[in-house]
């Protein structure tokens, strides 16, 4: 077996993930390399979910009975855990949403309805990048259409990095918000936060960082990032589906208007007018995803028990190994940085003329789960003149043997369509 | 034991709900009468949730691998189940949201951004009622503030019914949308849909029905209701938290603009513009609450296996019994209809001068979980000149013995504060 | 949580009613509808009166009565110390066992120690105290600190 | 799912390239980026030609090649019958086992029966067929029915 420095004890870790024992297609062991789409869920999280429903389930905040108090404590306890996980200055800066997409839309909508100095309107500009996930493109297109603001973006270099050469023309005093991905889900690129934040601060623009592909894979420190908002999603970090996070600076959350209206987010309601609860509740209308937040808290505990730095080191070693092996596959072209430096553990590639759908299908027949398509980042495919890519993406339970299986599988694909 | 005609076999049913075995405060058995806040979750749903995560977990729609196909089939299968449960003409009319509040906000936002003839603007009016849940008030207040539309509402009669005497003045040709609750979560009132829908159709207004307290308790037929939209929430109907539903007429969903932008809801994206997928996906941005939708599908199966008509009959018998017993408690005043006709299984009341918080706390000490407060329907409390109520609410597993426990508990409360 | 002391204050509140004051505030606990209108009257930095009207649960009502007992006649510094200690006790989640010094300072208010185990009720117990803090800041022309 | 017939059509597509036509449509499968530009040429109700350019997976490309084979030269009624039967087969989720009659009608297209078990790929197989339907409606001036 391949031994790389810095790897985790995956044999032990894999025992935590029941699904990794699954056998597909008459006896093929699952090789799950679709972690950028969603991660698998450890027993530790599933147990907490079951325990929640079997012991404590109740609606939160409004009850004086034992179950309601327990549920509230668990739910708010999860907020504490997430706040600590991202080093938030205050737990009240952590808003639970249903996924990262809602988090991103929430910011776009707050800014559309905000008063000065935050308000996005026809005199202002919004800046994103060409490597964003659709969930960080479409909300801004909608906001631009609805307010008349101008949408601008950073292009990409040939090797899959942000082209910041014209940063001063792109981020200008008219810019109200700069929203960009920390780690690209299609290219794997880790973006240079500091340079962008510095320029944004210079012109007084807010910064939103889409950390959906970062939070699961590396230690995240919202204070070090110096952003104003950070969004991520639970199902990519060992948590359940149905839960996302938006972190925002306390002062901003106080100033900005609510988004969804309803139960929980109010202070007092009459038919004529309402006042709103302080953040985070102001932004959490209705019964929140209680069990899912609690599950995310358990996921955070789980990740901490392994150690985020160790997870990052593991993935770095694996990515380095994978790049090295993939580059030897004939006709394989990596889309994105071709080294393991400043990149995450998602590797996109094309394989000669063979369409990614066919690559994915034939890999699947061997039990290897990869994602194919534009990965909700179609502008990247347009930029590189390709219809789609095949993407392999790793996580803490991925092994060199799985990289080997992928490479063997690709060999088989080439023979099949050759 | 009290025997009432029409009761379900609760002894068998209660075995499905692990939490009902919980023992509180040194030996008190849980008497869970807070079902209008959230229902408990049967083993059958929990098993499906675990199986989802342990066997099939993957992101939906975009994958060619086995897990992705299984997850997609389970997720879309849940849509089929929900569509059948509410007799929707088409499965594509069922949109999964995170809760009823999001469903209601979704409609409000669609109408704010819509083109004619749906557009809500300063020349138009919005109609709700004084018995709405905050989640069906605040979205419309926000929409009214943001568009300049006028918000109007139906008041209440002294016995907790809608006052429709001025219906023709309230719903006028300027009305774009009439949104009202089918069963009130605070009063228990079942509202007369037909009369309101008829008038709304006369003036060409859309109708949105908040069925959050109806879907769990009675057979729901969106075609019979003749509404344009129907909203409800999973956690009140034996489903998980984190999942809600909006049903909408196909033609409307086609015409109306999207709300949240992101992955899944698009057809094709470039940096300059995007086109949207057909409904329901157009309204489901980002990774949906997959496991939660699957869990809701299992909840629907579970409810069907008991039978919605039987559940309604059970609750009716129980409500009748409870009203009869509660009315004999000195100083107890029922807020809402004082008979079991045209009402759901939530009963609000006040007990002399004793504050509901105190009532709830002392009941809790006896293991009896009720909700106290304004139940996210503060205008109702204002209307009846009370700060709050105590609310007991039943479900398919509730028993006459639990009603008896409540009545005994209230006796104890009276002695305690007497 | 319902100590006899609390029930006594609830059934026979001290100093209830609105009297002349330097500042008035109205505080609401939105989750349960508890309300209080509270006035403070200062004589220099001495608290000449705290008068109040309100509706709500036994905890919020008894707490206002205890506040009136404890603070009226005290100097502001002393009152702040009492308020701070009471706040600490209420936020202790049942973890503070009041010692003699605390009992001397808080008198009847130590009876609320048990309430601190019930997060939903802590706000009730604090309602009048937060109102007093606000009213005081207003009366003395300080910046709002709540 | 990758029958030899399919791989053959993929590697050696029939009738590929854009030629003169009465109508042209461009269809895209947004989930995978499969694209086809397709032209139909009618001679009365007889299909004189179906020409196309596209990029995409083996299934979508092979399916267009099979379509060209099957439909060119046919009368519209017959072509519609073929299209309807192919659609039915593809939506069968693997439940239809093609019988002799179906094999006679669909010829090489029966090789796609296995694809119907893969929901994500059904759209690929149908891409050119939907494009043909659209282009035909346009060419013959009918209302769009897709």
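Observations
Going by the order they are written in, the chains are A, B, C and D; count residues from 1 in each one.
The rule we apply is simple: a residue touches a chain if its C-beta (ideal position, glycine included) is under 8 Å from a C-beta of that chain, and two chains touch if they have at least 3 such contacts.
Being a predicted model, the structure only gives us computed values, none of them experimental.
Across B-D and B-C, the chain pair carrying more C-beta contacts is B-C. Distance from the centre of chain B peaks at D, each centre being the average of the chain's Cα atoms. One simple way to say how far apart two chains are is to compare their mean CA positions; for chain C and chain D this gives 78 Å.
Here the spacing of chain A and chain B, counted between their Cα centres, is 31 Å. Between the CA-based centres of chain B and chain D the separation comes to 46 Å, rounded to the whole angstrom.
Taking each chain's centre as the mean of its C-alpha atoms, chain B lies 38 Å from chain C. Of all residues in chain C, those that touch two or more other chains are 31, 118, 121.
Contacts with at least two other chains are made by residues 62-64, 68, 266, 268, 357, 361, 372-373, 378 of chain B.
For chain C in complex with chain B, the touching residues are 1-2, 7, 10, 31-35, 55-59, 61, 118, 121, 124.
On the chain B side of its complex with chain A, the touching residues are 18-19, 22, 24-25, 30, 32, 34, 37-38, 40-41, 46, 49-50, 53-59, 62-68, 98-102, 104-105, 108, 113, 130, 133-139, 141-142, 146, 151, 153, 233, 235, 240-244, 258, 260-266, 268-271, 273-274, 285-292, 357, 360-361, 363-364, 368-373, 375-376, 378-379, 382. On the chain C side of its complex with chain A, the touching residues are 28, 30-31, 118-121. Chain contact summary for the complex, chain A toward chain C: residues 61-64, 68-69, 72-73, 266-268, 277.
Residues of chain A that touch chain D in their complex: 355-358, 361-362, 372-374, 378, 381, 387-388, 416-417.
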